[in-house]
Amino acid sequence: MSTTVSPHFEPKDADFAVRVRASFALQGAMGTLGARLGAIEAGLVEVLLDWAPGLTQQHGFLHAGMVATALDSACGYAGFTLMPADAGILTIEYKINLMAPAKGQQFRMVGQVIKPGRTITVTEGRAFAIDQGREKLIATMAATLMTITGRDDVKN
Amino acid sequence: MSTTVSPHFEPKDADFAVRVRASFALQGAMGTLGARLGAIEAGLVEVLLDWAPGLTQQHGFLHAGMVATALDSACGYAGFTLMPADAGILTIEYKINLMAPAKGQQFRMVGQVIKPGRTITVTEGRAFAIDQGREKLIATMAATLMTITGRDDVKN
Amino acid sequence: MSTTVSPHFEPKDADFAVRVRASFALQGAMGTLGARLGAIEAGLVEVLLDWAPGLTQQHGFLHAGMVATALDSACGYAGFTLMPADAGILTIEYKINLMAPAKGQQFRMVGQVIKPGRTITVTEGRAFAIDQGREKLIATMAATLMTITGRDDVKN
Amino acid sequence: MSTTVSPHFEPKDADFAVRVRASFALQGAMGTLGARLGAIEAGLVEVLLDWAPGLTQQHGFLHAGMVATALDSACGYAGFTLMPADAGILTIEYKINLMAPAKGQQFRMVGQVIKPGRTITVTEGRAFAIDQGREKLIATMAATLMTITGRDDVKN
């Protein structure tokens, strides 16, 4: 009861990892952050990030906005892994709880699908800071995505 | 009844604008985004941003994470204007609704205090895209802030 | 800039108030709460509530869940006023900030549409407690709604 | 990586279950809902609920507000299990994602602490509908709580 095991999801398109990598590469913001993809599974995507002076808040820690940006990407691409090949994806909304300062040298964001749907997909994210080799949970996210089909302007 | 007028707030420290500018200047992330401060009033702060290729998502619009980062800053500094001179501020959580693609050349984020408090302050934000001179509401935020006193590591 | 005026919305169905009243009357939970409708405009709905011993939390104030239930209804029906006559509505998610104890004899919840859409509608809500005749803001909500057409099981 | 195991928390007061039951019994709203406590562990509380005609929305399913009320209680009391004996608790805010209609005869809400803190505690909740003996996830919640000490009016 006190354990949540990630459910097994069946992807609609076997090439989901290729689609995720292609879309990620088009995001200028991910390049600016120096973010890169880690694990890509059906319903789960990791985004990895290193500390850099251009990503800080006023105390020198990683800016919460950078945490949220990378975590939102992880959630969005987690949803994207389960969508049809011709679908685009929009984040309708997300909510983030910032539980500890983003103090560390590396950061690992994990997005997971909780409930896939034809129109609406619900995801959750966890952000971890790795400080001197120790990993700590620093933020949680709940993000709601919408699948878009038949619109070229939002095809990923 | 269908109109919300911003309440009048009494700042605890008359030099709040100086404190906001000093803290903002320390944020490496704001420099990376090219974000700058607009209006600074008691309980209200504007953050301004220009489109740039390093801030985009896969369709070339401003990345939702950049919208959220600038809007979160506007909300946080809105709360900061009403805090005592020696206080630091932490964003506990925020929620953002993304209502339209961030399509435009300039962006204006407005953060406003809804309810200040000794420990907890509630703020709301509005993000506007300016496209060919026309301003459009693209996102709303609700952010919860905590005032921190007596801790040097989170003094702004 | 520091003032938000409710935008003017054009309803798709002139009989929206009739539809709101009919749907509201079918909700057993609204009867249990003793909630009733106040103003019904295009894009705005009020829900009114009185204190009762069966609606309290452990200190005798109105339970936050009752505040949220009535406020969620106000937001949902605000969205419903702008939908086509044959549409149903689902709340996808909401977020509530509880800013003060719900101390009072009467309560007024106001839901307003911020951005209507064919599929997704974004709304905001304000809950007020009326204590000895003085009205106080006690909670704010952001709620995301989905319009459903062609499904009898969710037709309102 | 794709599995979340509930962390082990050390309660500050060994009699936490007694405190939870005493506070729960004082909530008139829980009586109106017919809600009752299930498991009470350090950092985890279950709230159980049966379908009743006075708890319905317009299609006869459990009203989302009733789901949220019981789930918010589960989250709040989960946080309460880890607080000192003389502390009170306030829900600052919560966010709920409604993923499926609350169709069923019984409902089980589970609240769990993600990050306890001296002032701020972050919790997550899961709501399940039990329909003809089959349990289905219908909602997730993220709730932020504040510990209050030295104030009689919010002592639980």
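Letters are used for the chains, namely A, B, C and D, taken in the order the chains are written, and counting of residues starts over at 1 for each.
We adopt the following convention: contacts are C-beta pairs under 8 Å (C-beta built on N, C-alpha and C of every residue); 3 or more make two chains touch, one makes a residue touch a chain.
If you're wondering where the values come from, they're calculated on a predicted model, not measured in any experiment.
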Minimal path length between chain A and chain D through chains that touch? 1
The chain pair with the larger count of contacting C-beta pairs, comparing C-D against B-D, is C-D
Farthest CA centroid from chain C: chain A
Could you tell me the distance, in whole angstrom, between the mean C-alpha positions of chain C and chain D? 23
Counting only Cα atoms for the centres, state how far chain B is from chain D in Å. 32
Could you list the positions in chain C whose residues touch two or more of the other chains? 92-93, 95, 97, 142, 144
Residues of chain A touching chain D in the complex: 1-6, 39, 41, 44, 46, 95, 97, 99-100, 110, 112, 114-115, 117, 122, 124, 126, 137, 140, 142, 144
Once bound in the complex, which stretches of chain A touch chain B? 23-24, 26-29, 31-32, 52-59, 63-66, 68-70, 72-73, 90-98, 101, 153-154, 156
Chain D-facing residues of chain B, complex: 92-93, 95, 119-120, 142, 144, 146
